[in-house]
Amino acid sequence: MKLVYVVPGPIDKKELERRGEILCEWISSDVEIDIVRVEEGPASIESMYEEFLSIPATAKKIYELEQQGYDAAIIGCAGDPGIEAYREITTRMLVVGPGMSSVHAAAMLGYRFSILNASLSTIPNSYELVRKAGLIEKLASIRPLNIPVLELSNDRTATLEKLRRITERAISEDGADSIVLKCMSMGFLHLAEDLQDALGIPVINPVKTSLMASEFLVKSGLSHSNKAFLQPPKLAQCKVQSIDELYVRVNSK
Amino acid sequence: MKLVYVVPGPIDKKELERRGEILCEWISSDVEIDIVRVEEGPASIESMYEEFLSIPATAKKIYELEQQGYDAAIIGCAGDPGIEAYREITTRMLVVGPGMSSVHAAAMLGYRFSILNASLSTIPNSYELVRKAGLIEKLASIRPLNIPVLELSNDRTATLEKLRRITERAISEDGADSIVLKCMSMGFLHLAEDLQDALGIPVINPVKTSLMASEFLVKSGLSHSNKAFLQPPKLAQCKVQSIDELYVRVNSK
Amino acid sequence: MKLVYVVPGPIDKKELERRGEILCEWISSDVEIDIVRVEEGPASIESMYEEFLSIPATAKKIYELEQQGYDAAIIGCAGDPGIEAYREITTRMLVVGPGMSSVHAAAMLGYRFSILNASLSTIPNSYELVRKAGLIEKLASIRPLNIPVLELSNDRTATLEKLRRITERAISEDGADSIVLKCMSMGFLHLAEDLQDALGIPVINPVKTSLMASEFLVKSGLSHSNKAFLQPPKLAQCKVQSIDELYVRVNSK
Amino acid sequence: MKLVYVVPGPIDKKELERRGEILCEWISSDVEIDIVRVEEGPASIESMYEEFLSIPATAKKIYELEQQGYDAAIIGCAGDPGIEAYREITTRMLVVGPGMSSVHAAAMLGYRFSILNASLSTIPNSYELVRKAGLIEKLASIRPLNIPVLELSNDRTATLEKLRRITERAISEDGADSIVLKCMSMGFLHLAEDLQDALGIPVINPVKTSLMASEFLVKSGLSHSNKAFLQPPKLAQCKVQSIDELYVRVNSK
Amino acid sequence: MKLVYVVPGPIDKKELERRGEILCEWISSDVEIDIVRVEEGPASIESMYEEFLSIPATAKKIYELEQQGYDAAIIGCAGDPGIEAYREITTRMLVVGPGMSSVHAAAMLGYRFSILNASLSTIPNSYELVRKAGLIEKLASIRPLNIPVLELSNDRTATLEKLRRITERAISEDGADSIVLKCMSMGFLHLAEDLQDALGIPVINPVKTSLMASEFLVKSGLSHSNKAFLQPPKLAQCKVQSIDELYVRVNSK
Amino acid sequence: MKLVYVVPGPIDKKELERRGEILCEWISSDVEIDIVRVEEGPASIESMYEEFLSIPATAKKIYELEQQGYDAAIIGCAGDPGIEAYREITTRMLVVGPGMSSVHAAAMLGYRFSILNASLSTIPNSYELVRKAGLIEKLASIRPLNIPVLELSNDRTATLEKLRRITERAISEDGADSIVLKCMSMGFLHLAEDLQDALGIPVINPVKTSLMASEFLVKSGLSHSNKAFLQPPKLAQCKVQSIDELYVRVNSK
């Protein structure tokens, strides 16, 4: 099995390599994984606007990756931006979102989970993500960490301490019995593992969980349903030859 | 009051003018309306992929239109693609979606409505739209017309007849007491009005309804909530100066 | 277009005229509006019992108003008492409720709204109203002002200040991103406008919003569904000649 | 224990006596029951309009009956019209609705129930009743018998046969495992008992069930919550002396 | 009518007799009641594990009791453990659960109820019970008393005082307008009655309420639906002769 | 990682070995798996009664297996009977249910899934399982195959053909875009794989999926929440020394 992890934006090359190494550590011994970045897009995703900005170029990348023979692609953003589109334009390669993987993992482990967001501005997206997963009844709360994504690693100890304080309130006030960290940058800082040790309840790392969910589904012989995510009609009816032709310009008409 | 109707893609100029004239007929005498097109994007929107493709260039257009002093912008696609993003990047100008306007109108007129989609491929989007509107309990069914958007006007009589047959089943089998046509091209063909006469129950034209909903909200002194649709943090915290800087390229880092 | 605003009880004549003047200020230039009162009923509506008391005489008035050629009638109480009955006995004239208009407006502007009630005693009615609108998922909370309706204007400054304090809690504790004032007397005191300025989020005036919602629906060519609100069978089957004959007395049998 | 059954309209005296005798047969040996009629109101209740018409005079009657010392009053209409109002104006006497009693009985006996209505026109009321009971998840379907209430007894055999055909479809097509007859006139024709024998699943007679539910709650030492159904504020604050003063006329102001 | 109350475990004989006497006081004069205990099982039920432990031996007892001619059996545990199984293996005798009886009683008396549990460990079961009853929308909260079941009677005054403090918070913070005590041992200590006097809102005693609910349903001519609770197929198809044969051992194969 | 698959009843030894071999084929190369049977219990599980019968002896087995050092135990029944109890009495070893694993897999692959049950009698259990998973909104339908579990393999071709016919109706009539086979015996007949090839949409094999879900969660560093599934209080408070002491007999008191 061959997986690919797609960072949906122009992440720094060194950080890309650091993340790639972590992925290799986490992946099962019988599985291969590559990491790629999309060369243009938002620097980080902290709003619906940036989610949408990331999609067209990432879609193109995912379309190409399917042709390179990967079994599954993992979207490198915990909001799963564009997942429905990526599933529409792939026919064989599974596309997995970390957000989706994480909330289903949480639902399998207890009665009610809370989500920890990096920022206040993406709470509605998180709420929407849970609703799309069909799991709104399992959601205890969504609480923001209020640290900019790009500054999470500036002081890892302070970040961890703030996370602990907020998740303790999610447990005692909101009734959460497991926690989802909804931010890939948190995932690559191994914060979930430390937090789980401190709290004694499951804390879900969206990076690790999305890798393992991909293995789970591919090894179960499953991919996303082509009946749920229909190919764009113009492509299905051969009115266009590739996804590139679905984007036109005034002077091209 | 000054409204602007934004076609989120490179529609033909003549058709743009025809639509503009219809809008002027429908608008109230104390309101002005302009129509603009986005110069690049999908030829029509019949998939989630095309919805997402339309958003970045349309967002830029809407951002500029706010600076030109419009009171409200109407997204010219019944799926309301990108509405959360457009609301995040505007601070004073209301952004209205025809899908949203139509399902709330339907909910105000009866107990349960059905949605008529142009194609099967957008049924999940319609379902999601109703869910985001909070109106899933009011939804009787979503049924597809299965005529490509760009071919709806080829034989208007046949289109109308097929619409009538399908909506009659929505009424008798699904329990609908009003109907939403979820397609702007249907709206500009005046199909809702003929269908309403034939069926004797409300049939909602998404174009007309989105105009009137814009008037409704602006005249009520209301705009979308800046607390619901927070400005992208990098913009709010002045880390970037405009929305353009939120999109970066690898070699720019 | 000709609208009529129906106060469902024997309001003081001078106050009726004051309200009529405000309505004329708010209405669009291409629309006419009249105000009428029902000559008997509750002095104000602060309980389910008073809601029900108001309906029979108001129904009769609305039945007559349809025959006078109005395009839409607005119920002058934010609980929309009797709306289903009024819609059953009208066949052409739209009947609009301010409660319904306000919660749909709120739902179009954000993710979650709170309702401000005059009194604790009508909270269950407000909850029921939101449920009937199909919008329970959008409801953040309902909070009471605890000032008797007939005393709201005694000290407008104090009323506004109390409103502000309570709505601020609805925002910070309940997660509301817009506010519905569910009381017509508040509406005629222009409290929504001042509160909106103070809070910076949408605050919905049920009077203004019900006027504009009536314009919205009538200009969209829509009226309530005769399939949702069936005529009373005895009337539909001509067993009685008018709604008056639906009410009988023991000695008349 | 002393119960009273209140027919909310000017029913024929002989029929009133016939019903009274049936109630006496059904009631437990340690319980007394009286039957009363309201002297004015709708001849039968087949619309929301007639529901609302019945409430003011019935409320007055129920207010008086509490003062006569009854332990519980049963509303003699399966739509439970006005129950919230009657509960607001009573402080000690329990008020029970047959609709409410029947759907809770059904919910205690199986997974999903269907409701049989006399007419199409009251289906929305039935739906609302189930929603107010909090039992919407248990509802398989609502199907109309389409026989006018006042003609149900004209041909009892034909009525029973039509009931059987429709309930069989509710079982096989809608998945019902119990049936609620939502019409008091059906109840007094003993149709539920015959239908239960024919179908082999529980069929709920709203008359018998409302009697027994009243016994159930009174013998359990329970009455409706005065915190849920608050006294009308003007009465609670002694601004009026009785419910009569809550209804005023223009010339009385 | 003849009822039987089944304690699902090896309760002390003296306590069994004390409980039997209380049941006889509460039951209606035209009804007989017996009390029996199951000779093996958990000492008290404070976890899902103990719920499940109690079921096989209790099922056998209930199977025999039906053959002795009882009209209804009441499960002597407020979690209703095993009720679906007991209903599958009985064909004529009604099986009633106190939990189910109590939450439906609460739903008939107000808008929202809270449940008081003996211990934290059974909160998920209570939540599940409400969900199975279809009444999740009516649930204000579940709060634990945190006193072991077997120690509730050690200091009745302290228990009552703690109950009062916690239920007052359920009322003021969670919006409850009635209270369900979900513990049979509380029921046999008459705590509900004292608490109801102190709080002024309905407080439901699960023991008394389950007796009266049994009378309610049996007197209404109703039993649980044999279509909802199908006989185990091996029994229905005569592949085994009694429920005993449904349990096999390795060496018996 | 070391997994154990627990058949919750006295399955035939040869069939046990056959199943064990299949498990070994499916498991990842870096994982070990054992299969064990419980020596007494139901021959197969086709009713709630048989579900409950299987739990006490299986609980004991699972309790012992934890002490033998397994990382996860898989319940060998697609109804997940007793899972809450098994999680209460384990503190480190994950307990996984195939039903739960399968519905979450389906939810990750499309919008709506249907469940194929062996028999009609377990449809309510399946419905309950989906509800407990929090996924009721994703459920298109549950349809029975109506072949006794112990006869599924008698004519594999006929079983497959019947499955295909029924799932095609689930797709076209109920709107399913993926299918869950909810029966372990079907899983060990490789029916899901053949059906998936025939239908072109995901068909979930509960056996394979539960293995892979166990790997997924264990490799993600996760186990079920000890806060959701609290230890039985008597054990937690050391009033008993082992789970055996939680089961007592009359003469032992």
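Think of it as A, B, C, D, E and F in the order they're written, each chain with its own count starting at 1.
Quick note on the criterion: contacts are C-beta pairs under 8 Å (C-beta built on N, C-alpha and C of every residue); 3 or more make two chains touch, one makes a residue touch a chain.
For each chain, UniProt lists the protein as follows: A, B, C, D, E, F = Hydrogenase expression protein HupH.
The structure presented is a predicted model; accordingly, all values stated were derived computationally and were not measured.
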item	value
Partner chains that subunit C and subunit D have in common	none
For subunit F, the least number of touch steps when starting out from subunit C	3
Smallest count of steps, each to a touching chain, taking subunit C to subunit E	2
Equivalent interface positions on subunit D and subunit E, same or different at half	same
Centroid spacing, where centroids are CA-atom means, of subunit A and subunit F in whole angstrom	28
Cα-centroid distance, subunit D relative to subunit F, in whole angstrom	45
Subunit A, residues touching no fewer than two other chains	111, 124, 228-229
Cyclic ordering of chains (reference subunit C, direction subunit D)	C, D, E, F, A, B
Residues of subunit C touching subunit B in the complex	28-30, 96, 100-101, 104-105, 107-112, 133-138, 171, 177-178, 192-193, 196, 200-202, 204-205, 208-209, 212-213, 215-217, 219-229
Complex interface listing, subunit A residues touching subunit B	9-10, 12, 37, 39-43, 46-53, 55-56, 59, 82, 84-85, 88-89, 119-121, 124, 128, 131-132, 148, 228-234, 237, 243, 246-250, 252-253
